[in-house]
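Okay, handing you the structure first.
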Amino acid sequence: MINGAQPAVTVEDLTKRFGPLEVLKGVTLTAHDGEVIAIVGSSGSGKSTLLRCINMLEIPDGGTVSIAGEEIRLREKRGGGREPAEPAQIDRLRQKLGMVFQSFNLWSHLTVLENVIEAPVHVQGRPKAEATEEALALLDKVGLADKRNHYPSQISGGQAQRAAIARALAMRPQLMLFDEPTSSLDPELVGDVLRVIRTLAEEGRTMMLVTHEMAFAREVANRGIFLHQGRVEEEGPPAQVFGQPRSERCRQFISSQLRS
Amino acid sequence: MINGAQPAVTVEDLTKRFGPLEVLKGVTLTAHDGEVIAIVGSSGSGKSTLLRCINMLEIPDGGTVSIAGEEIRLREKRGGGREPAEPAQIDRLRQKLGMVFQSFNLWSHLTVLENVIEAPVHVQGRPKAEATEEALALLDKVGLADKRNHYPSQISGGQAQRAAIARALAMRPQLMLFDEPTSSLDPELVGDVLRVIRTLAEEGRTMMLVTHEMAFAREVANRGIFLHQGRVEEEGPPAQVFGQPRSERCRQFISSQLRS
Amino acid sequence: MDFTFLGESFLRLIGGVPLTLQLAFSSIALGLCLAILLALMMQSWFRPLGWLADGFVFVFRGTPLLVQIFLIYYGLGQFRPALDEMGIWWFFRSPYYCALLALTLNTAAYGAEIVRGGLQSVPAGQIEAARAFGMSGLTLYRRIVAPIALRQALPAYGNEVILMIKATSLVSTITLMEVTGLAHKLISETFRSFEVFFVAGAIYLAINFAVTRLIELAEHRIAPDLAQANRPAEVH
Amino acid sequence: DAQAQMRKVKVATEGAYAPWNFVNSQGKLEGFELDLGAELCKRAKLDCEFVAQDWDGIMPSLLAKKYDAIMAGMNITPKRMETINFTTAYAAGPHGLLILKSSALAKLPAGEYNLTKDLAEAEKAIAAITPQLKGKIIGVQGSTTNLAWAEKYFKGVAEIREYKTTEQHDLDLAAGRIDAAVVAHSAAQATMETATGKDMTMAPPSFSGGMLGLGVAVGIRKEDNDLKNAFDAAVKAAIADGTIKTLSIKWFKVDMTPKS
Amino acid sequence: MQAKSFLELMQWGPQGWLDEMMFATGLTLAVAIVGFLFGLLFGTLAAIAKLSGSRLAKRLADAYTTVFRGVPDLLVIYLFYFGGSAVVTAIGQFFGAQGFIGLPGFLIGTLAIGIVSGAYQSEVIRGAYLAVPPGEVEAARAFGMSGRALLWRIIGPQVLRYGLPGMGNIWQLVLKESALVAVVGLSVYLYEVRLGDLVLIYETRFSDLLRQAHVAAGSTRQPFVFYITAVAFYLVLTTASTWCFRRAETWATRGMRRV
């Protein structure tokens, strides 16, 4: 378990640009063990980019990211931009992170089950039999046990999303990054995912999730963050951020949702 | 405009199987001009498959599909299964259909704008200048005007979904098939899409949409359909299907949603 | 058709098959290792390595194999004193080793381009997913990149294998009597080029047919999901 | 007029066998056979045209009537006579072993042996060479009478390697990959004048006739007797009046006139 | 024959070989381009046949690939030239013509190269097609695209994207394959030579690069000069074509994400 004295993630003054477009304009946030942080914001506001910067799939142009108190070392690249100072450090830290991609990114040459055991066996070096057993339990939990031998091209959108969730969980990560994990799920399954996340939080794991479903965000999170044009516009307890936001922009965003 | 006396789509006793799995077990439904039909159901219940059968991306194993009163002719294939009796007929009918895919399927070698004008110019043979003008208006409507020269790999999930919607609308289809068109959209954009769909319906166009957002379904639809294990379990006005369903299974499904 | 003569020719030419196969398969095996190395060098962050690989591919892909064989064998033969001094004349003295060297270097250059193309076709998202799980280096290549790249590259690599089998016919210019060398000899003795070429063609065809089947088999083994999945070709 | 009455004849040559026939730097065919051919055609009152043809296709193309005669340093052999006809020989010369000056073979006793006239004597001379070649490597041009001769007498004693051209075995002889090459004296003469051949010499014994070929002659299709007769007469006349001797000295620096 | 210096040998004009080598380079390029285009045609057709649902078409295309990939190219060229000529000659004689009717070497040569390289190209195209994301093809179909539009607008550009490296290989191959065409003799170049009152027509061939090097080597007995020069000329061709292919690749992979 990550050292309790240290926050699980610290992001400080993170900036990222794509060409002329400044996507993140200085984001600072901290997540402690067992915390669930829900990030909302309009489309294109930089939510995915933020998550991708945390595990260095995108190298931020400025600012720092620390995982369990260990700062990821970057260095200036000749010709502008930065690059990892020590790729091995990133690989090591990534083993503590799990990620569910917005577009799933399941490995197309592996079956659902193989997708789930791939990283535990070949990155963490766990015995295959053990990993398989755990994977089957996870697939069962997300209701995919009967699809375990299907290839990603043979399952439905919601099934792919659940496979991606199971794949990330199988790593038993200390910090989970969820990019819209329930976008393709029906209400029942959303409830299931909610329960899974709660269990994980109780085990002391940290989660950051991007979502568009305010109800879900409010239920699942300890803290809410509203990202607007690359900046943290509002941050606080869910009841505040998703209920009575102080910022005008956030209020407008929240109020536009349809109520059922 | 499609002949008013004929329903825009008629699906009769549609069945489809993937290997041993019977995904659709006899679906019958009709949509008239200007109708908006919302299809809900749990993940894997066959919603996408149903939409894909309507435009023959999947060839149904049994049953018939008619577009504007014209039945799509299929014939038995040697070795089992069926195949189009006359591919040209399908190509012709497809020009009246638009589709937004669950996984967007934007053409990766074309920019957002090129994606939108592609089919109008190269399928419908409209002049490029005219198509471009219309495309820009559409992109503006979905808030993507500034991303028009980006490639699909350079835009966010929600932006890709909006591009896919604009691409389908650019065909000015009589019948639109939306497969979870708002899954990656924030509440504000969901409202925008809602307005677009209403305008289209007022113009007399027909829409079938799959969604997991009950609030959205209730707002947008004239009729609701609850699909369960490949069968139409409940069908009726939105207030009934998404409010007080008669079927036990549907009630359970609806009630599981989180309320905000 | 004179079947007795065809039979006789067959018996003569089949004597060259072991040499043909030996040269083809050893050069393909060695060449593939070198090709992978070159492709990785091309993608490496350290640019000089990339330039080196590019230069190698440029020269060996850019010139005819026949000339390469010729220059390695006859050309280096001119520098015997220097090679003697380095203690490697024993290698270059032998036409077999020279042929093997030329074939290996040649197929490595072509192979490198094929491997590079395969690596580029791996969807970025799938690599990212692997990275996000802490996969890197060899594991990433072995488990994710290579299998996906292989499926893309296999048809093109199949081409290369067959090309190499046929390319061995050029080694008769440096006195190695494989199938084509024997065929030419037989023609010069009998002047029946049609029959002899027919038999030689049939022998090559048989070898290559077997190789094609093996590659197809490999394709099915490596890409079972492609075989099962609804390929676009079947979408109507 | 008379010019119009002359029969048109196409003569093929290889264009890559200096000094018999070769292409000069102006792209023109040149050499002993070109000069001789012009003379022969003048005498035979033929309207001749020379074409270049690769050695490998030279016989099939004659049979396919692509041309009517071959003058390409081609020796008369019984095997070739099964397929085509030859005129009287227009050149003949001895053959022997091309070796390095330092070789032990250089010290053999000199002698000219004719395999047609006195086979026993010739074979005695060959037997004297044989022990010196034990375990050695002999190079020889493929598809030649030299090869047949070498295989008959030295197979099993020495390793015989077949080359496409004479200059290739010259190169290997110079590099020390082979110990001797079986060649015609005329060709060896040309080699020894080049840089490659400066350390080479012919082994003293020389051989001619018999299986080494009954001389170089014009090759003609079997049924084309008119042409054979015309060339026969012309060759005999050219031998008789010393034309061949003159041309031979010009190109080979030795007299290659066949001795009857 | 005295050994000449490199510069003497490589002069332009009647004294040197540079002009011949340049012409040969041009011819090599011409044969290669035409042969490659024929190959593209045959290869595309075969790939379409292989991917089509029709089992018969697939069998035929498979047989085509197997045979023309499997048999040495020289054999195919021989077959075309002598076989084709024999047929034409027979037809000619039937109509009263006499002697051998040669088929134009250029056409036969490039056709043969086209047939052979088409067999390879079909495999590259097929492989590239299979790499195209199925969803994107579906999307096009769903919008009513089919046949030519689908091929040109969606599949073609993406096949290009995945297939260009393989095609680059085949192009290099074809560039060198043109050497084989020398066997059947390329286009004819006539020289008139007067010997007194006799007019002789000398025929030589515009040789491709490799054969020209071979001829010049045989004529001057200085093989390395010419083989190394040939290598240099080939590398010039390669540089130019590599540059073109790289440019094309950059263009074809636009919008594609790299990791």
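Order of writing sets the labels: A, B, C, D and E. Residues in every chain begin at 1.
In the analysis below, a contact is a pair of C-beta atoms (placed from the backbone, for glycine too) under 8 Å apart; a residue touches a chain by one contact, two chains touch by 3 or more.
Source: prediction; values computed, not measured.
Shared contact partners of subunit B and subunit C, listed by label: A, E. Counted as hops between touching chains, the shortest connection from subunit C to subunit E is 1.
Common neighbours of subunit A and subunit D, by the contact definition above: C. More contacting C-beta pairs link the chains of A-C than the other of the two pairs A-C and C-D. Between the Cα centres of subunit B and subunit D there is a gap of 83 Å. Distance between subunit B and subunit E, defined via averaged C-alpha coordinates, is recorded as 49 Å.
Centre-to-centre, using mean CA coordinates, subunit D is 35 Å away from subunit E. Centres computed as Cα averages put subunit A at a distance of 29 Å from subunit B.
Within subunit C, the positions touching two or more other chains are listed as 74, 78, 123-125, 128, 131, 151, 193-194, 229-230, 235-236.
Among all residues of subunit D, those that touch two or more other chains are 56-57, 60, 171. Chain contacts: subunit B has residues 57, 83, 87, 103, 153-154 touching two or more partner chains. The residues of subunit C lying in touch with subunit A in their complex are 123, 125-126, 128-137, 139, 142-144, 147-148, 151, 223-225, 228-230. Contact residues of subunit D toward subunit C in the complex are 56-57, 59-60, 79-80, 82-83, 139, 142-143, 161-164, 168, 171-172, 174-177. Within the complex, the subunit D residues that touch subunit E are 15-18, 22-29, 34, 38, 41-42, 48-54, 56-57, 60-61, 64-67, 165, 167, 171, 190-191, 193-196.
Contacts from subunit C toward subunit E in the complex involve residues 58-59, 61-67, 70-71, 74-75, 78, 110, 113-114, 116-117, 120-121, 123-125, 127-128, 131, 151-156, 158-160, 162-163, 166, 169, 180, 193-194, 197, 200-201, 204-205, 207-209, 212, 226, 229-236. By the touch criterion stated above, subunit B contacts subunit A in their complex at residues 18, 40-44, 48, 102-103, 143, 154-159, 162, 179-180, 183-191, 194, 212-216, 218-219, 242, 252-254, 256-260.
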